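Shared chain: chain A. Partners: chain B in the first complex, chain C in the second.
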Partner chain A sequence: MLFRTRRLLSIAALVLVLLMLTPYAIGYRIAFSDVVVTSGWLLFAVVAFLSSYNLRKKLTYPPLLKSSTWLQMHIYLGIAAMVIFLFHTSGKVPTGHLDIALYALFTLMVASGLFGFYLTRTIPTTLSSRGNEVIFERIPLFRRQIKNRVEQIILQSIEQSASSILAEFYKSYLMYFLSGPRNVLLHLVRSERTSYRLRHELRESDRYLDEQDKVLAAELDDLIKLKDDLDFHYARQGLLKLWLFFHIPMTLVLLIFLVAHIVLIYAFTSGGS
Partner chain B sequence: MLGPDGKGRCTVAAQSICQPVKDGDRWVCTRSDVLGGACTAGPSPTGECACPSPEQPPCQPVRSLRARRTRLTIGAGLFAVAVLLVWLMSPNSLTMVSPGTLSAAHLAIEAPPGVPNCQVCHQGAESGFGNWLSMIASQTETHSVEVNQQCLGCHFSETDQAIAMKVHSAAELSEISPAVEELSMLAGPTSFLLGLSDQVYGEPMLDQTQGTCSTCHNEHEGAAHDMKVMSDVQCQVCHTNQFESFNDGHPAFTSATSISSGIKFDHAKHHPRFDDGLDCQSCHQADAEGKTMLVSPFENSCQGCHEQRSKDHHGDAIKKNSVPFLQLPEMEFEDPVYWPAELAVGENLAPMMTLLLAGDDEALPLLSEIYDSDGAAGDMFEWFFILEDEGEPEKKAQLATAIKKLVSELADYSSSGEKARTVRLSKAFSLEATDPELQTLQAELSAANFVMQMFKQRYLPQLEDDLAGEEVDATDDEELTTDWMVSKHMSGWRVDSDEGAISYRAVAHSDSWLKNWIETLGKSQGKTAQMTSMDEMRAGIRALMLDELSGDFKSCTKCHTVQGEAAPWSAAGRLYDASGFTKFNHRPHMAMLNEPGNCLTCHIPKNESSDASIAMPRGFLPHDKEICSSCHAPGKANNTCLNCHQYHHERP
Partner chain C sequence: MVEVNTPVRDKPKRWDLPFSMDFTNEAERREMSFSDLNDLFAKKPFSEMDASRFPDSLPLASIVANDTRIRLYREGDAIVRQGDYGNSAFLILDGDCRAIIEGLDPAQLGRQAGHSKSLLKSVKGLFTNALAPEVRDSRLYPQHRDKAVFDPSGTVFVQDVPNILELSPESYSEARHNIIPEGSLFGELAALGRVQRSVTVVAAGPGTTRLLEIRWQGLRDLMKYDNGLRDHINKLFRQNGLKGALQMSPLIQAIDLDEDQWDQLLAEAEFETFGSYDWHGTYQQLRKRDEDLLTQEPVVQEEGQYPNGLLIIRAGFARMSQRHGAGEYTFGYLGIGDVHGLQELMHNVSTDDNSPIQTTLRAAGYTDIVRVPTRTFEQVIYPAMMKTWPDGNFPEKFLGETMERRKREFSGAPMMEFLAENRYINGTATMLIDLDRCTRCDDCVRACASGHNNNPRFIRHGKIQDHHMIANACMHCADPVCMIGCPTGAIHRSEGGGEVVINDATCIGCGTCANSCPYENIRLVNVRDQSQDDALMVDPVKGKAIVKATKCDLCVDHHGGPACVRACPHDALTRADMDDLLDLSVWLNR
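Here is the complex of A and B:
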């Protein structure tokens, strides 16, 4: 099945479910039926299922569908949860402390989920535009390899031409640039200003270099570009992983508050009546 | 390639841990192949490791992002649990778990202000978090019923609580108004939303046995939340055969078919007097809120024309009717009986006298026979015929004795007479002797001792001797004359020598004698629990006498409605039954009237050309809906159902 066809079917299924839920909720308001309990349990079930996605990724057995299928279900059920949440709360912000906390947690969950959805839909395409695909955990290794190669080039330059121009350049700019991930925020907004400036500086000193150093400077230029691409990947892939540092812990907090909410509802009203 | 071990330690460092062992006369390296195996030099001849340092320096393992995220997740979860426990176990736990501020009307439940008083509605709430968990197990579906009882305890009277959860809080819709039941007919939805509701939930349950107060009234939604709000479409869940809105299909207004209580007043008859200076404000003034137009007291609004002073006995129509109180019935006896045969001319027993006779256990069976609908049906002569047919003529003598005993008690000045009258009244009305109304009526009878004494002296002067068992003869009694017995405190008594009767007529408004009789009778109507056979007989006689007396009391009932226990003497006692579920606030409407006479804009008296088939019990034409809908329309004034109607028949 084509991706586009699958997506159309998924959206159609989601719209169909929501259309089935809507008359139920509207009818409740008219007929005074106690749909809050039903919508509450439905919402809890959906949130619990959404939360199980992280568990599924940790489990290698049993093979319960592909992770990509789970992700699709996670997205569509997440949208359904937003609608059920509106039905459950009648679109009103509660005034009780615990309920406000619960409302805020769910809202933050939805916001972080939508943010993550945006990131997963935009970052991968930008990564492919800058260098080769690289595994996030191996970026420090590649960065060290680039730094080692740059240091070799600088030593080679000193040995073969007794010129200190590249060494000074390394000391002034490259040593800091290569010692770790740089310009993270600039890369998040896809700015290449720093690498352009570095490479511009290098080119400016090109006229003072002899032919051998010019060859080395050209390699340095490539390595600066490579390091900048690595930083770009580090910043963007890092963001892809960082938002989960909010989304997943908040999921557990939300579940705990939901359980407390249900306990209190049943303790005080025998089920919300 | 080796990585960190399960505890995050560098396994490369383990390469330095070589413990050579001696195999014969040689030392052998024991480093496993996994850790790099034996080095080329091998252990020294003295058994020392030749390469204690690893080829690569030990790394410093760091946790993976996933591991760090897991730790953060667990930490956040623990923090959340800690926060919840602090919330739930703190002294302010009720504040923390409260789902929201109460509505403004219920804020008084909080004591002191701002501190929840949850246990008022949620039993056990004050006992803390530990008990809340056990409450889950103990809570059943009856919880909502318990909460309901808390609501009803404040909002409904004890008697109305039984019907509070019924549709419109009415025992039977048809009892309120036939029109209400008609309006409830289901004839299918009139809008898409209603159709949707019908499809999802089916038809509404009119018995409402599963409804609770919270079904409609949501609490904990803030002080500004209106708990009474209800949409038009929600009304139309049941009233589906009606109309789209007030301006689209709402039926024309009709007047109540009858006056259920309050003052009967025909405005149309009084309207012509407007030219003489009478106007609406002559009788009606708005209450403090301006919501309801009150009726001024009789002295301010009616007496000006319907003057009725104690000096004027004969000039006013209101007081021309007298109420027979005591009359000796015409009876002939086979055996000698002390009885003024020439003067006793009553054809039937007077209702008041019958009621008092019903307080005599010996007279009660006789009354039952007289008023037996299958026998004499209240006709004395018919009863006499029946007695003769059945060969029981002595019962006439028994009745005469009962009447004479009554006369004696009524004329008795002493405390024993007062006590006897109290016992008689208590039995007659099936009320406790200490009942305030009954006590008042007894006091009225005591105040009339003088008249009763005169009656006794004139008609039965030898009564005490007769009752004592001595032989007496009525022919020895003197001839009597008619006389009025009127004084400052006993106005209106009349001893009629021609009729052999005592009658009473009111000579002033709000006559206490008649008022007490009506109130005591009304109060006795509701006494039905644990009735003995004699109580049942008395109740039957009271019911019959009430009908009889309604004619005797017409000087009162001409203007005052009397129903059951209720005796609303003033217009302020008017119930809402007459107006059904309709409410109206005069204040905003009065502000739009420039002149007093503009009341007639809405209140139009009937006239000669009015349709006689339309019920107009107060003399007004039904309100013209067009007058209301000219302002109450979409985009103008509120035109929702609840603007003019209330759901609960008994207003909380």
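Here is the complex of A and C:
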């Protein structure tokens, strides 16, 4: 099935379910029934189901539908949860401390989910179009290899020519650039300003180099580009991993607050009525 | 001019390593002696061969000296195993052999039993996986097994042959357990046709059975220059293999042929081989030298030529290309059962025209074809087609590849070029990752590891075409070159789905499969012993770490199919059968 078709079908199903729930909710209001209890329990059930996706990821082998099917359900039920939440709270910020905290947590949860959705749909394309595909965990190894090669080049330059231009360039710019991940924020906004300036600086010094150093400078240029690509992958792949460190633990906190909320409601309001 | 620092080496030659020296086990290496050769030339079929028919560059004596080796087997030793791939044939010099068609279970041939883990066991495994890498239960290794015994060379000794035969309802003399007498040749069809061995052959004694193993290159040359051997093998092939080869084609399956038509077809069809059976070695060398593979591939049928027959692919692969500017444009490839030249032949027979072949067909590695001559096509196949489809609406799937169809179904020639050039066309479960959707979360790797005692069986890394990566995961090839030469048969096709799997218990870590795999998808690992606090297992004699070959097994012993596919949250990963281009193009163009 084409992704476009799947998306249309999922949206249609979601709209249909929400439309079916609306007259039910209106009917409850007309009948003076407390719709908050029903919507509250429904929201809890949906959040509990959304949280179970992480458990599914851990259980690899029981044939419990594909992870991608779960993610689709996660996305569309997440949207449904937003609507139910608005309905449950009547679109107003509550007054109690716990409820405010719960409201804030849910909002943050939704925001992080939407942010994650945006990241997972946009970053992969930028990574594949940048090229030099690399496994995140191997980035430090490749960074070290590039640094070692650059240092070899600089030593070779010192040995073979009287000029210290490349060595100066290394000392002034490259040593810092190569010693760790750099320009993380710039890479997140897809700016290549720093690497452009570095390479421009190197090319500018080309006129002062002899023929042998020019060859080495050309290789340095390639290595700077390579290191910049590594930083790009580090920043963007890192962000793809990082947002989950926020989204997943917060699920647990949200569930704890939800349970506390339900217990308090039942303890102090006779079942919310 | 050769520079001073350039290492000068002789160009590798065909017989640099005689077959008799090509053994994994050092103890078995022994050059053919003068008396061995004399002894051989006194026996049939060599005694009947006319050495003067062989060219000076390829003398008979050199072929025998370099492309054959003498092997000794004890009574009960398995010589070839049903289901194995091999590239040699055997001539019985002394003693008898027995062909066992039924009655052996996989464990008796050194293979793992094809059963799935229970659901409970699979789930339990998620929580009890080892912390250290590559931990094994040494109790499962050969010294603890009771059905097969392995000597250092890896030969499987089927201990209880008489009992196995007794259990079978057939008597010894029945066809299921034929005695192959001294002087017979066997295994030649599997060697020449690159198909699985159809029977298990064990040494039947008495005492030691002496065989001459002839590698396929030697057999091919002997057939080329000795009419007697060629006629004998051709006859065997026509008797046993040709009808099956023709029936691999969906076209031949679909049309209704009567007995006379079959007889004519079998009498007039020819079989030919293009390229080299050990294409993987040549491929690896060419890739290293960064040479254009297309121009190195032997032409089977060239664009613009008169169609001299209907070609049916019997084994291997063929690349289809058309001239485009100064080069050639790859737009498709053919696999087993596919046909080439059908449209042109149909056009010519129905219009009395002389339309030439529209596309060049090349052997991608090696290609084994059956050629149905044009006249036979006109007299047998075309009338049968017209009888089956009287309105002339032939189903498209039988007509073979056309440029129009390929363009319609498969956008992007570069991808086709990439798949053919890198020989990924060989895969039946190639791991494709869409990098535009992959978030590099490694859920696929973790899922794989969790099902294999915490050891991932692939690397999420590989060659990239546009935004699609072919990851380093076993492709479960249609032509599994990794299976050739495995001394113990540890690497084999599974009983159920035909996945290429390694039996860890019988793998001796020789590395033959890993070296043969052109895609570098098999890794050798040092193994640890679970009963010895996960310490590295060491061979007490040589003091070296014990090594095993590992690779993706397509989660054959788990429920629900490959874990990597099921674990991908973004539908970015699939295992594609490269023979099903329609399915592949749907996935690529989602």
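Just so we're on the same page, the second predicted complex is superposed on the first by the 270 of 273 C-alpha atoms of A that agree within 3 Å, B and C clash if a C-alpha of one lies under 4 Å from a C-alpha of the other, contacts with A are read in each partner's own complex, and residues count from 1 in each chain.
Please note the rule applied: contacts are C-beta pairs under 8 Å (C-beta built on N, C-alpha and C of every residue); 3 or more make two chains touch, one makes a residue touch a chain.
The model shown is predicted, which means the values in this text are computed figures rather than measured ones.
When chain A is checked against chain B and against chain C, the one touching more of its residues turns out to be B.
In the superposed pair of complexes, A:Leu98 makes contact with chain B only, with no contact to chain C. Of the two partner chains placed by the overlay, only chain C lies in contact with A:Tyr61; chain B stays clear of it. Residue contacts after overlaying the shared chain place A:Lys241 against chain B and chain C alike.
Applying the stated contact rule after C-alpha superposition, one finds that A:Tyr266 touches chain B and leaves chain C untouched.
Once chain A of one complex is fitted onto chain A of the other, the partner contacts of A:Phe257 are limited to chain B, with no touch recorded for chain C.
Touch criterion met: A:Thr125 reaches chain C, while chain B stays clear of it. Counting contacts as defined above, chain A residues 136, 241, 244 meet chain B in one complex and chain C in the other.
Interface residues of chain A, counted against chain C in their complex, comprise 1-3, 57-63, 66-68, 70-71, 119-120, 123-125, 127-129, 133, 135-136, 237, 240-241, 244.
On the side of chain C, the complex with chain A involves touching residues 119, 122-123, 125-126, 435-441, 443, 446-447, 450-451, 460-461, 464, 467, 469, 558-560, 563, 565-572, 590.
Taken in their complex, chain A has these residues touching chain B: 23-24, 26-34, 92, 94-99, 136-137, 241, 244-245, 248-253, 256-257, 260, 263-264, 266-271, 273. Residues 64-65, 68-69, 72-77, 79-81, 84, 87-88, 95-101, 118, 122, 125, 132-133, 135-136, 139-144, 147, 193-194, 196-197, 199-201, 204, 211-212, 214-216, 220-222, 231, 233-234, 237 of chain B are the ones that touch chain A when the two sit in their complex.
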